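Which chain is which? They are A, B, C and D, in the order written, and residues in each are numbered from 1.
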Amino acid sequence: MKKFLILILFITPFLIQAQTQMQPYLSLADALRISDAAEAKSKAEGWNMVIVVMDAGGHMISLRKMDGVQIGSIDVAIGKARTEVYFKRPTKVFEDAMKVEGGARIATVPNAVAIEGGLPIFKDGIIVGSIGISGASSAQDGIVAVAALAVY
Amino acid sequence: MKKFLILILFITPFLIQAQTQMQPYLSLADALRISDAAEAKSKAEGWNMVIVVMDAGGHMISLRKMDGVQIGSIDVAIGKARTEVYFKRPTKVFEDAMKVEGGARIATVPNAVAIEGGLPIFKDGIIVGSIGISGASSAQDGIVAVAALAVY
Amino acid sequence: MKKFLILILFITPFLIQAQTQMQPYLSLADALRISDAAEAKSKAEGWNMVIVVMDAGGHMISLRKMDGVQIGSIDVAIGKARTEVYFKRPTKVFEDAMKVEGGARIATVPNAVAIEGGLPIFKDGIIVGSIGISGASSAQDGIVAVAALAVY
Amino acid sequence: MKKFLILILFITPFLIQAQTQMQPYLSLADALRISDAAEAKSKAEGWNMVIVVMDAGGHMISLRKMDGVQIGSIDVAIGKARTEVYFKRPTKVFEDAMKVEGGARIATVPNAVAIEGGLPIFKDGIIVGSIGISGASSAQDGIVAVAALAVY
């Protein structure tokens, strides 16, 4: 990717239009590195988690379920990751929005899981995917998500 | 299976790790005994119920619908049983969580029915399945679930 | 769990019936080892694949999508893995059954994807999960599945 | 039921209109008796089955899953029972229709599982429900269904 970018910096104008129509994306290697970090943080804290990494289309690149996690956390982690990509914001934003008067309307938003525990992933200001975590308390899920993205 | 068990009785320590990758499960005989108890309790109270018993994967082992129950209770009982297995907790925990500020967020959790009336079933601390009851008030559904598990 | 196991090592026969209600399961470590082998084989062959490992309840333990794979392969791999667990047989069995007279009836079987590319996983004769592969031709998907299970 | 019918035969005209708007139905007692017979036949043959009994609306009255049956048979048995009620015919009729030229069109019929193994249940010429069986070969599933209805 880097080499390709250096190349186009020195080559030329007629490539510029094509270049502006490029967007960054998350590779499997990125997703596994992020997932490893999430798993390491979870183990260090003694938590069992489901860890999902999605691409910018809301499709899974990686999922792993640690032993003993409740199976319901699989769909919750997938749902959180989808929410973050679909709405380009942490699920916690929706969770907080539920706390004000009339906030229950958020429950009618398609594809929105309003439980903390995940983050969208941006590169150069463009969304490239998300991480969704579920298995412990939603605050703990959120801590793991933050720790995981530190390696990206 | 028997041979394997006899083997571990005489062999030993170095097999223990493999052995720890065993987990208990619920049989049809267990499920029918639990369902019979639920039906007996329901009849004694004059309530008509749908009674569902699931395994640890969230799959039905037994369902029975007493005469005259509203058909909507079939999916409610299935949903309660699924919730309990998927999240290893009684649906009442979710019902109670809905009552606090921002509790409506629970309505966005995939596969969670937040209505009392069922219990997860554990054996040696490991989840083996669940019972889901629907047909009367949620508190009455809960009473039948407790009575049913007394025979397990 | 350990205490219970030590107990049965010293106690005996009358416990055997309860003990027979134990079944083996697949750990995340197993699933990652299998997935690594599938990814290594795919790379060696120059194929890009989605690799899914499920538990005995048809729930995902691990998913990874190699760069550049068509996104449709995600649900295909999940569907193959589900089919294998749900019906305790390779998807190829259904694919072959479609080739005989009246074989189109297989298309009406709920939860059955009739495309080669995955295998159920057994331990001591009991199903513990499955692997589902999608991304190349179905025969190539099948080759990767076989190679992956060689490490289990 | 018989007593009730004799009664109305001797009572009177003004009841006739109401009477023609009555329809028979399957009770839980009926469903359990049928299910017991199916389970007994399955055990006698050494087959493990999922046994579903539905009402005339295509809703489950009873389900039971014998130990060791593949979990995929749950949805297959439910699908067969639904097909029989929805179309008032054995699933075998659809299976046979798949064998003639162009028969694959049956795979596009909503709610039709075209695999033998179940029967609609009639009373006085009116459909009251169905039985769906899955777990062995489709012919064996069909044998159990026939044996089960012998007790109704």
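By definition in this document, contacts are C-beta pairs under 8 Å (C-beta built on N, C-alpha and C of every residue); 3 or more make two chains touch, one makes a residue touch a chain.
Please read all numbers here as calculations on a predicted model, not as lab measurements.
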Handout entry: Between B-D and C-D, the pair joined by more C-beta contacts
Key = C-D
Practice task
Could you please state the distance in Å, as a whole number, between where the Cα atoms of chain C are centred and where those of chain D are centred?
Solution key: 33
Handout entry: Centre-to-centre distance between chain D and chain B (centres being mean Cα positions), rounded to whole Å
Key = 27
Handout entry: Shared interface positions of chain D, touching two or more other chains
Key = 71
Fill in the blank from the handout: Listing every touching pair of chains gives A-B, A-C, B-C, B-D, C-D
Handout entry: chain C-touching residues of chain B, taken from the complex the two chains share
Key = 1-2, 4-5, 8-9, 12, 16, 19-25, 27, 55-59, 124-126
Handout entry: Residue ranges of chain A in contact with chain B within the complex
Key = 70-72, 75-76, 78-79, 94-96, 98-99, 103-104, 106-107, 112-115
Problem - Of all residues in chain B, those that touch chain D in their complex - result: 27-28, 31-32, 57, 59-67, 71, 74
Fill in the blank from the handout: Listed in rising order, the residues of chain B that touch chain A in the complex are 57-58, 83, 85-88, 101-102, 104-105, 107-112, 127
